[in-house]
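Consider the two complexes below, in which chain A is the common component and chain B and chain C are the respective partners.
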Partner chain A sequence: MKILYLIKKEFLEIFRQRELLFMMLIAPVFQLILLGYIVTTDIKNVPVGIIDLSTGTSTSRIINRIAGSGLFDIKNISRVNRDSVNELKKGDVKAIIVFRDPVKTGRSIPRYPEIQILLDGADSNSSGIAAGYFNGIIKNYILDDIESLGIAPIVKSKPLIRFNPELRSINYMGPGIVAVLLTIITLFITSLSIVREKEQQTIDTLLISRLRPYEIYIGKALPMGIVGLLNMCIGVLVAVLWFDIPVRGNLFYLLLSAIIYLMAILSYGMLISIFSSSQQQSLFYSWFSIITFILLSGLFTPLENIPVGLKWLVKINPLSYLVKIIREIFLKGNGIEQFYGDLLSLGLIAFVISSISIFNFKKFISK
Partner chain B sequence: MKGIKPVTRKELYHIFRDPKSLIIIFLMPVIMIFLYGYAISFDLNNINIGILDYSGSEISGKFIGKFLHNDYFTRVGLKSGEHQSLGTYEKKLKAGEIDEIIIIPSDFSKKVRSGIPVEVGFVIDGSDSNTANIIYQYNEMVIFDFLEEYQNIRDIFKVNTKIYFNPELKSAYFFIPGLIAVLLLMISALLTSLSISREKESGSIDLIFISPVKSYEIIIGKTIAYVFVAFAVESIILLFSKFWFGIPIKGNLLVLFGFSLIYIFTGLSLGIMISITTPDQKTSMLGTLLVTMLPSIMLSGFIFPLTSLAEPLRLISNIIPATYFLKIIRGVVLKGASVSDFLFNGLILLLMSVILIFLAVRKFSRMRRIAG
Partner chain C sequence: MNENIIEVRELKKKFGDFIAVNSINFGVRKGEILGFLGPNGAGKTTTIKMIMGLLSITSGDIIIDGINLAKSKEVKEKLGYMSQKFSLYPKLSAIENIEFFAGISGLGKKKIKSKIDELQDIVQKDLLDRSVDKLPPGIKQKVALYASLIPDPDILLLDEPTSGVDPEVRRNFWQEIYNIKKRGKTILVTTHNLDEVEYADRIVILHRGNIIVEGEPSELIREHGVDSVETLFKEAVRDYEGN
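Showing the complex of A and B:
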């Protein structure tokens, strides 16, 4: 039971510093709330400029629809042509929509103007989405217009949205962020645990103590595991109480997955700590790892697009499994029968990392 | 001012004494750019669909064909033993094997033939609201396509799209310059974030306190040492992006470097400010990450466009250095913008650095007085 003393010492070290305690427990809550608001922003208010050189009546009705959609923010409308490329270059508008009269083909007054949309491709994502919105508005306009002439479109879609009927993005992002909360603090602090004692030379005291290697290992990792789980609980509470995210599945599976995940992350942190010779180094290693984990986890961007040659990086990224499982538990209410494959893979990763980590720790101790 | 040079020299000595850290600093950004240049993309180009065709007619076949000929949709068939029923597909939807179920009613062909409007059901996995929205839009696009052909409303209206600066809408062109901005700030801040707190932890800070060097000389001297490092890092990642990913640098490279120098200085001053405020290395690191990582990724316009943010968040984005530099680097690299387009952004960054350095020096001298 000597191990308890080490755990107590580790906790004391955490509680001794108010700044650290704040960063570990309070800051994640702020981050979650802040992130919750940011990542749920759908692209809207795309700033656009309009050049209207047409004479027909359709144009003003189309412009009204654009303005009324809430998706665009019309910065200016001019009746004369102007240097649009330069305007895009400055970045004040993301798109310029030009309405012209079509070249007369001898028939009566044209019903619709000719439309050109000039996009700032630099922001490829919002530009693509904005163009999609725009095309949607135009299509609806035509369909309504034709309907007023007595031609109803024969096929209509009747969409039915499952799992997240109001299409709230927070329902999707919130659980993912909870997974990230489990990662950042835990990895950082464990990655410092050994190296800090190396740097301050207190490691020798620990080594000559009667503690066995595995006791030191667990004594160092366990407190951070508890802090991580605490973070997650706070995260889940914020998600449910503040953001009103539904929990349809069994939270026990969440706890189980979190513990397996923590085994992977904590051993990884220990591994970093063993290999670094200064706190600075371990900081850089864990910083790099965390960003990689997050960006390759499917949290922000769909994973389908990752080229086949790099797919294995997602497969060995423990966070990608946790994000997937946590989302399924929250939104779809899936049970173990749906995600046992992911859980097994996560377990395998945890097993491999901890084995490597413990092996190296023993080697380090015996030196 | 003559105290600055020896402090810088000492700090540089410190940097080069630890080649392992130095290698990480140079290598990691390159690896990151490499990874993300390939891996990050918002484009959704594969929607898995299950199709329940109760009509089973020639027209419904054509309707389905419109979906399958579209590059975005991939039909997921049934495995042996699975029933062709809504329940089966709902299960697949739940397991995430498909993103959408298309249900064509049995009277589809009869109604279409006689011109009576018919509804086609689309059951969409809404977990990811963004994806669901895109799927919805693609559905509408395909239906419109079908209508054009069947109701002869083809060609009455065309939208002509012209894309500037990045005609193929490559995500990498958008992400990589942004990533450079985010990485540069984080690296700069991390570099200096330990410089004071390390001395606090090891106790060598007392030696600095009693040295004849003035406080501002210490702060500025330490900062300058890291300017070299950060600047070298930037050059490397810029060259790598240009030659590996073929990111065109349309603007003037000198303009970009000029602005980067200011930006790097902002990051370094931020780091040193944090280093002075925190008691030890652990806290400085966490503090730096808290202040730089998530805000620079989330609130700078790197991923999420600022115009879509809620008002209070947009206000916060105004105090994040990356916000300003992101505009500059995207403008110069992708659009070939000139100095005059971004004078304001550069000035703000400069102002931020001056304020941070000023605060850092004040705080440092107070610490020194108390210690003395």
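Showing the complex of A and C:
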């Protein structure tokens, strides 16, 4: 089997390059751990300033609840008004809560203060989440207070969160990051495979050898695919053992989805390698592609936010399907009956990219 | 001896509007060393790549051992090739390179082992396991030449095999080429070093995609009344540019 010698040679070349070996084995673990801690939509210890101009007793109780939530770090409490905009500008605090006595409209003394929440909108995501938490804390205080007076609230919603009840960001991000790592490593090393042979002038020897074109194509792509799967296994282990992310679904489906995805990404990497005339050029194309894939994958931002006119880009992005499937397998325990549509779309994309790649490879070897 | 194993007829290669090889005709006789000479950009590598079937032909024909290359890709199996950069994998050792080339040539395990054993006659034992990028150029060249002969080709195409090596290594290399010739192989070697002409049985000088001189070196020198091929080349270029 001539192809086995090519596969062996590819593995030897991969494992002989220390920088590549580092990128393949150490970097995924390091990146997953790093990204796992950094890439989070949770908010913690948000610095808050308080201006308390109210005279009621509710204010101090609300402040206690805010302080006790663990989400906010109260930096200062002032009893006099101050320039809140300037304070936000300086960046010492991300939010300022102003408590005032409401305007008295009748004889009865208002029970609750008027509350104004000023947020630093430069970091729109964190501010939005913080505003939601503030409102929740205040609303809960009022509901509890009303109940303590023996009045049952008319409506009291009690959300029940499934699949990720603790709302841990890492549970949501971790599986997605595993998919991204699979993309980065595989695309980089595959995109270098043919172009490196061009630079070394070994491609000509390979092309006039007795290897058939399909043997060259498979012999070069297969080792990269195996390396990719190995990387994914490392990623899954880190996600499960280090971050304690649950795997509720069948890992066989994860493997199946990864193999279909790899067909797309390996073919795309080969395509980059065929068209590149230097390793530098190929790395540039790979980097640009990876950034685009990630931005359109739904990893960091909800896909629903993408404008309608650009949604077709998501539909042709193989990573968006893998991120969705991998999250469903990890968190929801979904089986193929739930995500077969996404898997079929991924398969179709893999088929189209592979066809384009093989067509261009044939053109390249017979030019 | 006069039978052509390679026959190139009206061979033309265009890259856009640029004509790299301009309808050239030449033959390579069975068992000879043909020196394909010319400065960089003359069209030597383009021609060699077309003979190997690695580059499409704009027009013309290449006949190898009586078979038109356009009609049968199998004819490529008669060719061995060594490029300017020696066509070796730099991160692999000499043994691993030979094992790979023997493996993709379809040799069995026993044959591969004997090829590796033979390598020890060429390369010192302590260098066999060293990665190729750490070998001296002369050794690399020997290993590459040995690798190109593994499929036992009838014709050996050598593209600038002596560039980047010192004169002594170059002389030894040509000695190797002679030994290969003695085994009945046909050798087509490109070079831009005109002083290497003395080693070839016949030469073809290419300039801007055109053949400007063709023949046996000693005969050409006598015919044109010049003292060396270098002078002949200069005069031929001047005549060509004058036209």
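Everything that follows uses one rule, which is that the second predicted complex is superposed on the first by the 351 of 367 C-alpha atoms of A that agree within 3 Å, B and C clash if a C-alpha of one lies under 4 Å from a C-alpha of the other, contacts with A are read in each partner's own complex, and residues count from 1 in each chain.
As a convention for this text, contacts are C-beta pairs under 8 Å (C-beta built on N, C-alpha and C of every residue); 3 or more make two chains touch, one makes a residue touch a chain.
Nothing here was measured: the structure is a model prediction, and the numbers come from that model.
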Could you say whether A:Tyr5 touches chain B, chain C, both of them, or neither, answering first, second, both or neither?
second
More chain A residues touched by chain B or by chain C?
B
On the A-aligned overlay, A:Ile358 touches which partner chain: chain B = first, chain C = second, or both, or neither?
neither
One more residue to check, A:Leu222. First (chain B), second (chain C), both or neither?
neither
Between chain B (first) and chain C (second), which does A:Leu25 come into contact with in this model arrangement: first, second, both, or neither?
neither
For A:Leu251, is the partner it touches chain B (first), chain C (second), both, or none of the two (neither)?
neither
Would you sort A:Ser209 into first (chain B), second (chain C), both or neither based on which partner it touches?
second
Looking at the overlay, what does A:Leu53 touch: chain B (first), chain C (second), both, or neither?
neither
Applying the touch criterion given at the start, work out whether A:Ser366 contacts chain B, chain C, both or neither, answering first, second, both or neither.
second
I'd like to know which partner A:Gln201 touches here: chain B for first, chain C for second, both or neither.
second
Which residues form the common part of the chain A surface touched by chain B and by chain C?
17, 200
Chain A touches which residues of chain C in the complex?
49, 52-56, 76-77, 79, 81, 83-92, 96, 99-101, 103-106, 131, 147-148, 151
If we count contacts the way the header does, which residues on chain A are in touch with chain C in the complex?
2, 4-6, 8-9, 12-13, 16-17, 200-202, 204-211, 366-367
Residue positions on chain B within touch of chain A in the complex are 18, 20-21, 24-25, 28, 31-32, 35-36, 38-46, 63, 90, 93-96, 111-112, 115-134, 136-137, 139-141, 143-144, 146-147, 150-151, 153, 156-171, 173-174, 186, 190, 194, 198, 201, 278-283, 285-287, 289-290, 293-294, 298-299, 303-305, 307-310, 313, 327, 330-331, 334-337, 341
What does chain A use to touch chain B in their complex?
17, 19-20, 23, 27, 31, 34-35, 37-39, 41-47, 73, 85, 88-91, 94, 111-112, 114-128, 131-132, 134-136, 138-139, 142-143, 146, 151-165, 167-169, 171-172, 184-185, 188-189, 192, 196, 199-200, 277-281, 283-285, 287-288, 290-292, 295-296, 300-302, 304-307, 310, 313, 327-328, 331-332, 334, 338
